[in-house]
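Look for chain A in each of the two complexes below; its partner is chain B in the first and chain C in the second.
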Partner chain A sequence: MIRCVAWLPSLLALINLMRPSFFHHLHPPTIPAPQAQWRYTLGAGGIAVFLVLVLIITGALEMFYYTPTPDQAAHSVQTITYHVTMGGVIRNVHYWAAQFLMILMTVHLIRIVFTGAYKPPRRFNYLLGLALFVIVVLINFTGYILRWDQGIQWALVVGTNLLKTIPLMGDYLYEILIGGSQPGSATLIRFYAWHIFGLTLLAVILMGWHIFQVRRDGGIAVPPPSLRTDLQRITRYELVRREVLAMLLTSTVLIVVAGFAPAPIAAPIEEITAFSSDSRAPWFFLWVQQMLKWGDPFLWGVLAPLATLTVLVLIPYIFPHPHESELGRWFPKSNWLARLILTMIAVLVLGLTLLGV
Partner chain B sequence: MDTTRRLTALAAGLLLIGSLLVVWAVFQRTNPVALTPSLTGQTEYCLTCHGDLPEISTSHPIKSFGCVICHGGERLALDKNLAHSTLRGGANPSALSVVELSCGGSDCHSGSPQASRDHIQRVMTSIQATYTGAIANILYTFGAQPDLKAHFGAFAVIDNETSTGITSLDAFESSKEDNPSIQTFGKNCLTCHISAAPREGDHFDRLTGCAACHTPDVESFPEGKTHGLTTAIPYTQCNTCHNRGNYDLRSMTFVERADQPTDRLHDYYQPIAQFTRCEWTLDCVDCHTRTEAMGDGDLHSNQSEIQYIQCKTCHGTLNELPQTYTITSEDDLALRLAFLNPVVDLQVGDTILMSETGEPLWNTHVLPDGTYEMTGKVTHQQFTFRPVMGTQCKQNPDEQESKYCHQCHAEER
Partner chain C sequence: MPEIPRRDFLKLITTTLLTACGLLGLDTVIRFLHSPTNSPPQTVFDIGAALEYPVGTRTLLPQIPVVLIHDENGFSALSLICSHLGCTVEKKADGFICPCHGSHFGENGKVLRGPAGKELRSLRVETTPDGQLHLFLN
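Showing the complex of A and B:
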């Protein structure tokens, strides 16, 4: 049996070889061997794509039982969790895949900056990646809100109130996103639509573009052939094998974590404005919540995160690029400033998150 | 290349083992036990864990009520913490802070007085809940209020349809009082009203709210297994507050009774009390009525305003027979009360005793020979007794209160 399983990747590659398809626009036929190593890519981008597929499938399954109305939402989540066959496991896989995706996206971003792979002509794709990052954070937040239980109540009220602090258009933004003077059924149906349709569609399109753009930019970032010492490449068969290995390992971790670490759940919201015992933001916003304690909500809750994002956006534009010969490996000397800036941001966000835990 | 293949095979094996492990773990879980009570029509799964609990009372059959309608909680959750996270009043939904949600409703216990369904309104204004008598007496004694009228209760309460002139009570807060004795009183002496947790000790063990009286013998239940409501309340339950000792007004402390009685005669009343034989052989609820215990819906300043049953209620006086009435309707309160605790086979057409205010003494019967029969609501014992009229009783006709009966009929102990 093990032999059969081991053959599977070759079989998949064979099918691809027989029938050229759109998939070939995205999946490279071959990549340089040194850059195909785990220790170079960390497999983060590829695993992130796999997690997105897992999220789409498990999310679609959840949609069979989820009801996006304030009086039913939390109960339908309880039904999924406790009464649908394997529903709890599927929900847990969806939850953990989403959290792992956040981590892997971050790892992927760090890899890109720490190997200098954002150097032109890959600047635009770097921006696509950042846009994907932001969209996935929003998808994660809207999904978190869909629970509509007392665990998300505080984050919903405080998080959406941040919108109101934006000068001039704050109230208008709040109105179109929340659909009323306080979160209610209009909010839930909006968040549901954004989560399963609007943001997801955008993410899938951008993801396809992001992957396609890697090929348009000449594949994974490497020095020009004349500057390379190792010109060896791996075949698409080997690449697919490695991808399948990554998927299997990811699936194993996901299923075991999902089996034994349940996703958060709480009692339904009774009164949206009532005091909630759980007054913590979702973990990926804890750093913002921590900053909110410093004072002005517009400054710390809106401007500071936007400033952080702006710095990330500017990395390929204002800091020195690595030299061509330094591409395709970690820690190119000439972009130390970009790495330092990203390290500082990472330490700051991580530190604030740990303070907020 | 071979390394990748071997690793892939290994990873596939791991995934298989992991998946089997998770599937195994999922099927290890207890099968949910569903119940769809007819009153709510909403399926609940509490019995998955609580199938061993006895039905709370015959008046609240689980097939009709289920659990959630009274207890709250998350009906779908199979995780203990989540399922219990929204329980009303923790394990006791009858706690006065949540009783309206748990036991209330016009078809249940906060309906109209005409339908005798105003239990909650009456209890919330009753002396046993407000503790007005003790508070007013202490405040008056230490000069903190000019009269003996109730101004403060254990909690704030409003009575819009008062016939006693007291329309509202403020919450008594001893910390706001200057007098140290009143402060000590607040600290030591507010454990008897039914919204307060009792003093420590088996003798005082009871729940709060409705269950303070209607869920007897709490101390005899194993941890967390108390599940019962009854109107057959034994004297021992009343004794978790009453007859347990006295307040020392100088030190404002509670002094527990010192004796350690082993039989009913000695256990029933504390040593200083004067009583007759029928008092300690019966249970408190055999004579004292629902209005006396749960209030009449009005705010009162003192227990004496609400406690009115005397010996003469059942025995009459030399000049008067006790009041009686004949049950004419299927919906008669007497029949409804007898239904809750069927110790007597009461029928339409039966003649029973009636209190001075018209409350049915439903566990009594007027016998054809003009004597009376009473059945113990808790003991099920039957007693026959005679009216005073026509006996050798030498009592002065103007002195017909129980304390004068005690002068001759007191029990030696």
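Showing the complex of A and C:
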């Protein structure tokens, strides 16, 4: 113990030597103070990046024990959860970081629309953000399926059968995804490959691009200098200090939630067609499951979610943009229509989700 | 015929060739991914001797999953895979209910309540000369 403490000054000296660190290199020298506030950005984008880091680390650790075969998968998840030292914590943190990421992405999207920050030149980055949103939903779904237990059985069957309802190319798409005419070992290894590599690689590349594009577009959206009332700026040291604070808070919340609310787990699947009463979709698809109860699967399970996404894509293209002087704050008057549309979508999705809980 | 400047012509050729290469590559990847490696599911089931299922009985065979019906007309079977999106339906007092989206089917497989649009599939059952029952999924 004493020896460790003795090492501390030299360790600090080493960290000091490394300045200006790579961490600082990622930040602009200064940013406008009024927009660097929690109540403006909600810190959503930044925390989402941190959660992705947490997911990559905990996910890599899970890979040391997880076995992607139908007869081993659920058992290996049980081994990680109940047998491996600290395995339960790692898995719960991975699970909760993934769910928080979904929520923060949504909050981030709402923040962007409610502050009108998608206005050109940030329109392209808005699209990159939406693409990331879709990919993260797919990563979450494929990860959910990797449990290969009775809790995910119907989500797998329903989710993949929905592809079959697409006219002309449906069956072909289904076979590409499943690796046969019925879910089996090829399906699990395919979902595994998409989850840990294909989709994740795509997400990491898009994430880098998304962040790069923020700086390219001139940082957080603010009015031009001549229209600003507050010209104060904060330094990158202050920005990093706030980011570290956000990371510490997020880590605390993650560990506490992971300690009290374990990730779902169920008995292994015996046979893919065996009856299972656990029929609830993953929480972020409960709204789709609710719509599927209304009838035609192609209409409610494929077209309706795609239409929702299309409306989101069109927001910066068809609705009036906020005026330049209105940038950098919440609720700019001139984009009320975009805000109304997003609110309606949010209320609809939330309402349907609550019906399905 | 209008003349195309040499530069534009070469550009057009380059773009066309590059696009063709890209499409060929994409086609290769799609075909590669489409190659099925799951062993095809079993389609014929030997479900034992016909004598084990007397006239007037309905037997649940959960491992297939079907209900085997033996009435005056002979043997028939009803698939328990929901015709909506493929979940396995559950036997209730008045028919079958799908746990996923709540479709309700009657004892004979007819739709009593949606979202399912089609009735439960009727499957072919054959008796072999030595009195064994064979059930066909297709």
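In this text, the second predicted complex is superposed on the first by the 331 of 357 C-alpha atoms of A that agree within 3 Å, B and C clash if a C-alpha of one lies under 4 Å from a C-alpha of the other, contacts with A are read in each partner's own complex, and residues count from 1 in each chain.
Heads up, the rule we're going with is that a residue touches a chain if its C-beta (ideal position, glycine included) is under 8 Å from a C-beta of that chain, and two chains touch if they have at least 3 such contacts.
Everything quoted here is computed from the prediction, not taken from an experiment.
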First (chain B), second (chain C), both or neither touched by A:195: neither
First (chain B), second (chain C), both or neither touched by A:210: neither
Partner chain(s) touched by A:321 [first = chain B, second = chain C, both, neither]: neither
Touched partner set for A:89, first chain B, second chain C, both or neither: first
Touching partner for A:265 - first (chain B), second (chain C), both, neither: first
Shared chain A surface residues [contacts with chain B and with chain C]: none
Residues of chain A touching chain B in the complex: 2-3, 5-6, 8-9, 75, 78-79, 81-83, 86, 88-89, 238, 241-242, 244-245, 248-249, 251-252, 255-256, 258-260, 262, 265-268
Touching residues on chain A, where the partner in the complex is chain C: 154, 157-158, 161-162, 172, 175-176, 178-187, 271, 273-277, 279, 289, 292-297, 301
Chain A-facing residues of chain B, complex: 1, 4-9, 11-15, 18-19, 21-23, 25-26, 32, 45, 74, 76-79, 82, 85-86
List of chain C residues in touch with chain A within their complex: 30, 33-34, 36-41, 62-65, 80-81, 84-88, 90, 99-102, 114-115, 117
